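Since the structure comes first, as C-alpha cells, the remarks are kept for the end.
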Amino acid sequence: MDLDLSPGEAAFRDEVRAWLAAALPARIRDKVRAQKRLTKADHEAWHALLAGRGWLCLHWPRALGGAGFTPVQKHIFEAEMVAADAPRIVPFGPNMLGPVLIEFGTAAQKAHCLPRILSGADWWCQGYSEPGAGSDLASLATRAVREGDHYIVNGQKTWTTLGHHANAMFALVRTDPAAPKPQQGISFLLIDMASPGVEVRPIVTLDGEHEVNEVWLTDVRVPVENLVGRENDGWTVAKYLLGFERTGLAGTAFSRQGFEHLKRIARIEQADGRPLAEDPAFSLRMAEVEIDLMAMDVFNLRMVSAANAGEAIGPEASLIKIKGTELRQRITDLLRRAVGPYAMPFVPEAFDEGYNDAPIGPGHAAPLARQYFNMRKLSIYGGSNEIQKNIVAKTMLGL
Amino acid sequence: MEFTLSEERRMLAETAARYLRERYPLELRHANAARAEGFSPAQWREMAELGLVAALLPPEAGGLGGAGADIALVFEHLGRALVVEPFLATGVLGATPLWRLGGPEAGALLESAAAGATLLALAHGEPEGRYAPAHVATTAREGAAGWRLAGRKAVVLNGDAAARLVVSARVSGALTDEDGLALFLVEAGAPGLTRRGYGTVEGGRAAEITLEDCPAAPLGAPGTAFPVIEEVLARACLALSAEVLGLAETAKGITLEHMRTRKQFGRPIGQFQALQHRMVEMVLEIEQLRSAVMLAAARLGAPRRERERAVSAAKNLAGRVGRLVAEECIQIHGGIGMTWEHALPHYAKRLVMIDHLFGDSDHHLARFRDLGMAG
Amino acid sequence: MDLDLSPGEAAFRDEVRAWLAAALPARIRDKVRAQKRLTKADHEAWHALLAGRGWLCLHWPRALGGAGFTPVQKHIFEAEMVAADAPRIVPFGPNMLGPVLIEFGTAAQKAHCLPRILSGADWWCQGYSEPGAGSDLASLATRAVREGDHYIVNGQKTWTTLGHHANAMFALVRTDPAAPKPQQGISFLLIDMASPGVEVRPIVTLDGEHEVNEVWLTDVRVPVENLVGRENDGWTVAKYLLGFERTGLAGTAFSRQGFEHLKRIARIEQADGRPLAEDPAFSLRMAEVEIDLMAMDVFNLRMVSAANAGEAIGPEASLIKIKGTELRQRITDLLRRAVGPYAMPFVPEAFDEGYNDAPIGPGHAAPLARQYFNMRKLSIYGGSNEIQKNIVAKTMLGL
Amino acid sequence: MEFTLSEERRMLAETAARYLRERYPLELRHANAARAEGFSPAQWREMAELGLVAALLPPEAGGLGGAGADIALVFEHLGRALVVEPFLATGVLGATPLWRLGGPEAGALLESAAAGATLLALAHGEPEGRYAPAHVATTAREGAAGWRLAGRKAVVLNGDAAARLVVSARVSGALTDEDGLALFLVEAGAPGLTRRGYGTVEGGRAAEITLEDCPAAPLGAPGTAFPVIEEVLARACLALSAEVLGLAETAKGITLEHMRTRKQFGRPIGQFQALQHRMVEMVLEIEQLRSAVMLAAARLGAPRRERERAVSAAKNLAGRVGRLVAEECIQIHGGIGMTWEHALPHYAKRLVMIDHLFGDSDHHLARFRDLGMAG
C-alpha cells in the first residue's frame, strides 16, 4: 500500500506540469483564474495546443491520435490541468463521442469523425436530456422515423451545454415507440446542426449566463449512415458513454483548487480584527472540509488505482459522484461566505475580457456568489445525486 | 399567551397581500429590478400610499405601527412577493435613526419617507468592517463651517437612489470602539460625496460611497450613537428574517406544486419518499424560523440583551433556513430550477444573499453566544 | 400577540410551583435529579400526592376527579413538574385510558375504572405494539375470538412500558381477520393481568435497564363487558388516544431542563484551561441548540395556544414530535460529550437508592452516556419520526 | 500509488478473520466482557499466539509488523467482531513506550506482552485533563531510593488487570507544558499504587489509579517523553479509528440484513426510499472513513506534523461517522435495535464511546486545524 506517486508517475506529473507551464497562453490562464468568460475561440485555441501535444483525447489509443493514458495518468493529467488554471477540455467530442465511436462506430464513422475531433473541425454537443426526461432518461420522446435512407427526427433536447458553439450533435432518439420497455427502442444518431429544422435557443441560467441551450428538431433529415450501433440499441451505447462520463466525476482537483483559493481568501479577509482563517468558527468549518477532502482524495485514488488495475468501477462511482459534488458545493459555499457583504455586488460585464474597471470590494469577491449558484448544477447533472443514491441502494446494497 | 393578530394588523396583512397578489407579478418585479433605480418609483409610491412604509414606523415618527410585529408582518409579505422596492433602506435603515435621534429636519423627512416621496439609506458598513457593528473608520470633524465627514462606506443598500443618507462616523475612539460614534444626515448632492451604484446578485441595488470633506448634519449628540445603530441593525435583522420567512413560504409552495405535477419514472416526484422526507424537514425548519421571528418581533421592545439575543437567534435561523430552503428547492426542481425564466431561483438567490446583510448565520450565532455569556 | 404568560397564567404557575416545592418529597426529587431508578412505590406515592391535590388526571373534567386543566394550564403544569424534578405521571391510566373511557366507555366501565385510576388501585399498561407491528400498528396479529361471554385472546405484545408493575392492560386485538382493510376488525379490550395465560417477560435494553416488557397472551379469557367502544371499531378508539398521546410530545420542558443542566456542567468541566462553556467550538454548539430550543418553545406554545382556543391540532403535532425529540437527543448528545473520558465509566448499582460510594469522576458524569443511549427511543416510539414525516407529507403537504 | 495488501498482511487478515468468525461469537464476547477481568485471558492468549498482538509491533520490539497498515488491519478486524480483549492497552498503549524508550526490562517485557503473557496499560490521562495530551499533574521525584510518583490517573484502559503500568509524570514545568514529562514503569503490586476498576458503558474495563509515593522505573531520560507520548496517542488513535471502521462495517451489514427482511406496511423496509438514501449516506461516510484510516496508516511513519494531521483527520472522521452509523442503525431498526439481546446496540455503544477516548471529534478537528496553521 502506497498513497504516493511512484517515481514513474512523478516523472509523468513533472512532464505534464512543465508542458502546461510552457504551452498554456497566459491570456487564457488569467481568464480561467479570474473566472472570466471563455470565448469559443479560446476553447478552440487551447484544444489545438493540446491536440498538437497529443493530449486532447485522453482515453483514445495512440494509434488513433489519442493520448493512450492509463487511468492513473489521466488522473494526474487532469489534476495538473486544474492546478495550472487551464480551461477544461470540452468533453463532448474527445471524452464522449470519441470513445463511443471507437467502440461502436462503423469504419466510415471513425474515419470521418475522429480526425475532425482531433483537428477541431467539429464541435460536438450532446442531445440526451429532454424537458420531460430529466433524470429519467429512458422516457425520452424525441422521435426518429425511418424514411428511405434517412431518419426524420422531431422533438426537443435541452440542457445542451455549449450547443450554440456546436456544428454537430450526438443524440438519443426513439425509433420504436412500441418497444415493451422504455429503454428499448432508442437509437443513437449523429446530427448535423446545419440541417434544416435544427434550432438552438439559449437557456439563461439563474446567474444570468448563457451556457446551455434548448435544441428544437423539426423534421430534421439524418442519413441512416449516421446511426451509431444498431437501431433500437441506443441504450447500450448510452450506458457505455455514461460509464466514461462517470470517471472523474469526483472533481477532487477542482475541490482542492477551490479549497486552496479559500485558504488564500481567508488569510486576506478580516473578521473581528484577525484574518478569517483564524476565526474560531470559520477555521473549524474549513478544517472539516479539508478532512473530508483528504479522505475524498484517497477514496478517488482507490477508484483510479482499481481502474488502472483493469477492475470495473461499479456503484462506487456513484458514491464518488455524490460526495465529490457535495464537497465542491460546500467549498463554493464557504467561499461565498468568506467575503461577507462583498458577495453582494454583481457586475456581469466584469467577466468579459477587457473589462478594466476597479472591482467592487476585493477583486477575489466578484465571482463567488455567482459560482456558488452555478455550482448547484453539480448535484443535478450527470445523473442527479438522488439517482446515484438509488443506483447504490439497488446495485451495491441490494435493497 | 396570545398568538392572534390584532384587527389593525389583520387589515394591514390583507392590504399587503391583495396589492402584491394583484399588482406585483414576478415579471413586473424583474422589470422593476432592471430599472436604473433598481425598483419602480411608481409602485413604491403606491405601496407607501397603502401605508406599508408607515407601518414600519411608530405614530411619534409619523407612522402607523412600528412594533416588531408590524415589521415582521410587512416583510414577510414583501418576501412572499420578492419585492425589490426600498422598504428596508428607507423604512427601517434610514428612518429609524431619524425617529430615534430627531433633529430639526426629522419630522418632515419621516413624513415624506413614509409617503414614498423621499428615499433614505444608511451608510454604515465599511470595506474592512464585515459584520462588526461598531467598526467605523470614517471620521467626523467639526470645523468652522460645521461637520465634515471623510471615509468609505460599503454595500450601502439603495445608496445610489437615496435622496438623504444617514452616515455613521467616528468622532473619537479606536476603530471598533462602541463609544465615539455618531450619525449624520448627508444630502445626496453634497459636495465631496461620491456614489458608485451597482446591481446585486439577487436583483437589488447598492452603492460604494466615498466621503471627502463632505458636509453633514449631526443626528443627536455626536459620540453616543452606538445604541441607536444597534437598534437600527436589530430592526433590520428582524425585517430580513421575516423576509426570509416569506421567501421560504413561496419557495416551498412553488416546490410543492412542482412535486405534485412533475413526473419522473411514471409518477409525480412528490411520491418519492426520500423527497417527501426532505420536504418535511424543510417545512419543519420554516416553522422554526416562523417561531423565531415571532419571538424576535415580541422582544424588539425588550431590554437590550433580551432584544439582541432574540434578534440574533432569528437572523441565525434565517441564514440556516434560507440556505437550506434555497438549496433543497433547487435540487428538487433539477435543471429547471436553475433557469432564469423560472420563479424559484430568484427566490433562492434572495434567500441565500440575505445572509450577507448585517451578519451571517455564523456572526449571529457567535453574537448570541457572547450575549448569553455576558449575562 | 403576546408570548408571555398573562397575569392569570402566571398566578397559576406560581400556585403549581409553590405546591410542588412543598409537596414533592425530597427523597424522590433527589432520585429524579440524579437519574436514579424509581421504584413502583415511589411512583405510587407521588401519584397519591397528586391525586390528593386533584392534579393526577389532568385532562379529565373536575366532575370526574380530574384537574380540568385547559391546554395552557396543562402545559404550564407539566413544565413546572419537570423543572421541580418531579417524576413524570405514569401516563397509561391518567392520560391514556381515562380519556378513552370518558369518551367511549360504558357507564359501568367508567364507574369501575376511573376511581381506581385516581386511587392508584389499578396500574394500567398499554398493549399496542407487537413484534411484527412496530410503526405499522394496523398489521397487529393478536387474535380475540368471541366464545359466549368472553373473548379468548392469543398473541404477543411488546414494548410494554412498566408492564411488570401493571395489574391491568388496555390492548388492541384483532376480532375480524377477514375485514377488508387492516385497520378494520380491531377491537379495544381491557385485560386483567392476573388472568391465567398472561405472562410478562422483561426486555433488557441496551443500557442494561428493565423498563419495557413482552406480554404473552395465551388463551386469556376476557369478559365481553371489557370491550371499549364497538367490536371491530378499535381503530377509532386508538386514533382518539393517539391524538391525546401526541400533545406534549415535544418535551420542550425536558429539553429546557437538559439544556440548563448542560450549561451547569459546561461551566464546571475544563477544556484547555478554561470552562467548556467558553470553548470556542463547544459554546457554539450550545448556542445553536439554544436557538433551536427557543424557537421550538414558541412553536410549541403556538400549538398549545391553538388547542386552548379549541382548534384541532393536525399534522403540526407530527412536526413538533419530530423536532422536539431531535432536540432532546441533541442535548443528551452534548451532555455526553461534555464530560469527556468520564462518560465511559458505568456502575449500574450507582443508580439504586442507597448507593453511597464516591462516583467515578465528577458526580454529574455517571448517567450521561446511559441517558444518551436510552433517549434514542424518543425518535422511535410514539410513532417513529419517519412515520411522522409520512403523515406530514400526506396530510399537510398533499404529496 | 498502490492499494493492494502485501502477502504477509493478506495472511494476517485471513488469520484474524477466520479466528474471529469461528471462535468469537457475540455471546462469547458478552461472556468475556462480563468476567472480572473484562475479557477472556484464554482467548487473549490464543489470539496472541496467532500473532495478532505481535502484528502491532515492529521486529525490533519483538513484533511482526508494527506499521500503520498492520495496526489498521488488526483493529478493523477486532472492530468487526467487537473484541473486548486488551489489544489497545497492551499492544499499543503499553508496548509503544517500551519499544521507543527501551530500558533494561523492555525486551523481555515486550516479548511477554506480544505472547499474551503480560498485560500492560498506559496511565496517562488525569481527572482534569480531558483530552489535552500534555496535561500531567502527577509528579515524579528522584530520591535516595529511586523515583517516586504521586498523583491520580483517570480512565486507564484495562488498568485493573495490567501487570505493569506505563505512567506519565512531570519532572518539571507547568501543568500543560510539553517539556518536563517522563514515562515510568510501575509494577501492579507496587506500594502506594491503588486501583479502582470498573466497567465501561460499552462493555470494557478501566480503572482510576492513585499513586502515593509509588516507586517507579524511568523509561528513557525523564523530562523528554512528550514526543513518545504523542506517538503513542497517534498509534492509539489510528487503532481506534480502524476499529470504528470495522464496527461500522458490521453494524451496516446487520442493518442491511434487517432492511431486507423486516416488513412494515407489507414490504421490506429496505424498499422505502427515504431509508435507502440514508443508508447510502452512511455507506458513503464509511468509505470516507476507510480512506482516512488508510491515509493515517500510510502517514504513521511520516514527520510529526504530517503524521498528526492525518491521525487527527482519521479520529475526527471516526467520531463523526461512528456516531452517525450508531444513531442511524438504531433508528432504522426501531425498538429492537435498543434491546440488549440484539447485536446491533452493542456495536452502536462502542461506535459512540470510542469518541471519548484520546480526543473526540471536536478535539481532533481543532487539533487538525491548529497543526495546519503552524505549518
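Each chain carries a letter (A, B, C and D) given by its place in the written order, and its residues are counted from 1.
The rule is simple: a residue touches a chain if its C-beta (ideal position, glycine included) is under 8 Å from a C-beta of that chain, and two chains touch if they have at least 3 such contacts.
Heads up on the chains, UniProt names are A, B, C, D = Acyl-CoA dehydrogenase family protein.
Since this is a predicted model, take the numbers as computed values, not measurements.
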item	value
Which of C-D and A-C has more C-beta contact pairs	C-D
Centroid comparison with chain A (C-alpha atoms), farthest chain	C
Gap in Å, rounded to a whole number, between the CA centres of chain C and chain A	54
Interchain centroid distance [CA atoms averaged], chain C/chain D, Å	38
Euclidean distance of C-alpha centroids - chain A vs chain D, Å	43
Residue list for chain D, restricted to those that touch at least two other chains	272-274, 276-277, 365-366
Residues within chain C bordering two or more other chains	281, 284, 386, 389
Residues of chain A that touch chain B when the two form their complex	129, 132, 134-136, 139, 158-159, 203-206, 208, 269-273, 281-282, 285, 333, 336-337, 340-347, 360-361, 369-370, 372-373, 376-377, 379-381, 384-386, 389
Chain D to chain C touching residues, read off their complex	125, 127-128, 130-132, 154-155, 176, 196, 198-201, 204, 206, 208, 263-266, 272, 274-275, 323, 327, 330-331, 334-336, 338-341, 345-346, 348-349, 352-353, 355-357, 360, 362, 365-366
Interface residues, chain D side, partner chain A - complex	1-6, 69, 256, 259-260, 270-271, 273, 276-277, 279-281, 283-284, 287-292, 294-295, 297-298, 310, 313, 316-317, 365-366, 368-369, 372-373
Parts of chain A lying in touch with chain D, wherever the complex brings them together	1-6, 9, 72, 277-278, 283-284, 286-288, 290-292, 294-299, 301-302, 304-306, 308-309, 316, 319, 322-323, 386, 389-390, 392-393, 396-399
Chain B-touching residues of chain D, taken from the complex the two chains share	272-274, 276-277
